[in-house]
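In structure tokens below, several structures.
The two complexes that follow have chain A in common; it is paired with chain B in the first and with chain C in the second.
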Partner chain A sequence: MARALINVPQKAKRGEIIEIKTLMSHPMETGFRTGLDGQLVPRDIIEQFVCTYNGEVVFSAHLYPAITANPFLSFTTIAADSGTLVFSWTDNKGETQVQTASIQVE
Partner chain B sequence: MNTTRRQFSLLTAGASLALVTPARATPETMKESIQAFTGGKPIKEGRVKFDISLLVENGNSVPLSVLVDSPMTKDDHVTRIGIFNEKNPLPDVAIFTLTPRCGRAQIATRMRLNDTQFITAIAEMSDGTYFSAKSEVIVTMPACVEG
Partner chain C sequence: MNRLLVILLVCVALPASAQDARKSGFAFMGPDTQAMQTDDLANPGMLSVLEGEALWNAKAGTSQKSCAACHGDAPQSMKGVATRYPAFDDTTQAPLDLAGRILQCRTERQGALAFQREGRELLALTSYVGHQSRNMTIAPSQDTRLAAARAQGAALYSTRVGQLNFSCAQCHDDNAGGHLGAAPIPQAHPTGYPLYRLEWQSLGSLQRRFRNCLSGMRAEPIPAGSADAIALELFLMDRAAGMKLETPAVRP
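Then we have the complex of A and B:
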């Protein structure tokens, strides 16, 4: 897979609700389109997204072909402790891409 | 049997038509996948604020957001949010799983729209109740046309 853009505030106050935005570069090929050769283009989509905060799952999503190419996801979490947020995207072939972001909580 | 030229072209035309017309979701299949999501439990209206444009020019990328009225505590929070449609090839759009650590039951994403249709957002609460909101979106240029 390719590059992901993640927007997490670098610093936050303890207990503050922060917004997280992610954009993954991916074609999200639906499997319903026909290619130039008249054959169906095989499905290639991200099915599962998971975000963990210091090892605990805070948010996950199951995506279907109706989600756009380069899937954008936005959600919130409570800034509990300084640490790492781990984001993972898994496609329908079982390939997973992981990216991390760190946050400092005061 | 000898196939005439006319018969042959009719046959191939039929075959290619069958290829480019994939199965489509209908209001019935949407109901089925909503039933699978709720397990057949009743769905009430309210508590869900579903934000999506009423008129979009390009169905390839339509931003949407859902905000559910919930305190998001351990005892009372939103566990899942499901988005469903009537006229895309598949009735499901996405299912989001939330936790009390989200702090707020708010999500945003972007979806494809194949036609003018109703989109439904359903929130599952930790006490097993369901709330929904729906919105009609008019699409002037649907997704999938260039496919």
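Then we have the complex of A and C:
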């Protein structure tokens, strides 16, 4: 069950470079660690993160076991039009979580 | 005249700031880690606060009541509560920490299954309640029935234990500001708990921090929620009286 804190400026000027910050709640369990019972703790990581802006991919990333729990990603894009940013992250079991944010471009 | 005023002001201002040599662990961190704590959108502890908020509003147990059903809005009802814990509990006639108080409400008032002491849910609720006192000053309970536990905590803090024969005070009073390996030794103020520790990759309680230091000292860890752990917490909160709470802090 992932949750995320997403920061997108509510308003921007057309052509402006905007910074987007995302903090995902996720254990990013590597699959290499053993638990108290000596058994391997199953891998549970986010494998892919994608951000689309009005349907177009503006940023995507592959994540690997060496990445910290609760990954923080920050990236920039150009404010083109008012609309919606869709953030989705997919874990190694193939489950996808989606969150959206809207932006107003003047 | 002006110069005199300046000199006077300096004389007045200096003792006030020089008087309090206490510093939160925040002051010992690098600028990147500090920035992570102060930006609510980069502070991973805020994810737990959010989870705590959801738990606060969720019905649970045989009462089918949420915390909010009895306490209303946490930003009002829980404001300042964390500044005066551990407190003396009348029902058990013993000191109780904030997590213990929440557990008590959970089991006895909500009629729900107990949360695990250092489990994710209890940490989330404790950080949510603690967060309502962020930037407020620590104001320990003045209940005289806490005196014995306070003394017990002071003794635990200054007694040498473990295979390395260290006391907490040797590091956190005598060598604070120095280094242990690469890590700066802070003054052990409990201002940020529960907090997100980068090394843990998760939120953790003050009592987990005790176990962390104790295992470094090759001493027997103090179990979470035990009388010893609460006594030590009580002593440290007293020692930090007047300092500001930062919950949820970030530490390396």
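The criterion applied here is as follows: the second predicted complex is superposed on the first by the 106 of 106 C-alpha atoms of A that agree within 3 Å, B and C clash if a C-alpha of one lies under 4 Å from a C-alpha of the other, contacts with A are read in each partner's own complex, and residues count from 1 in each chain.
The criterion applied here is as follows: contacts are C-beta pairs under 8 Å (C-beta built on N, C-alpha and C of every residue); 3 or more make two chains touch, one makes a residue touch a chain.
Remember, it's a predicted structure, so these values are computed and weren't measured experimentally.
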In the overlay, answer first, second, both or neither for which of chain B and chain C A:53 touches.
-> first
In the superposed arrangement, which partner chain does A:17 touch: chain B (first), chain C (second), both, or neither?
-> first
Which partner, chain B or chain C, is in contact with more residues of chain A?
-> B
Who does A:25 touch here: chain B (first), chain C (second), both, or neither?
-> second
Which holds for A:82: it touches chain B only (first), chain C only (second), both, or neither?
-> neither
In the superposed arrangement, does A:72 touch chain B (first), chain C (second), both or neither?
-> both
Please work out whether A:99 is in contact with chain B alone, chain C alone, both, or neither, and reply first, second, both or neither.
-> neither
Chain B versus chain C as contact partner of A:64, first or second or both or neither | first
Does chain B (first) or chain C (second) touch A:7, or do both, or does neither?
-> second
Of all the chain A residues, which ones make contact with chain B and with chain C?
-> 68-69, 72
Spell out the part of chain A that touches chain B in their complex, as residue ranges.
-> 17, 30, 32-34, 38, 40, 53, 56-69, 71-78, 80
Chain A contact footprint on chain B (complex, rising order) = 16, 19-20, 22, 60-63, 65, 85, 88-90, 92-99, 101-104, 106-112, 144, 147
Chain C touches which residues of chain A in the complex?
-> 3, 5, 7, 21, 23, 25, 27-28, 68-70, 72
For the complex, which residues does chain C have touching chain A?
-> 40-42, 44, 46-47, 50-51, 198, 201-202
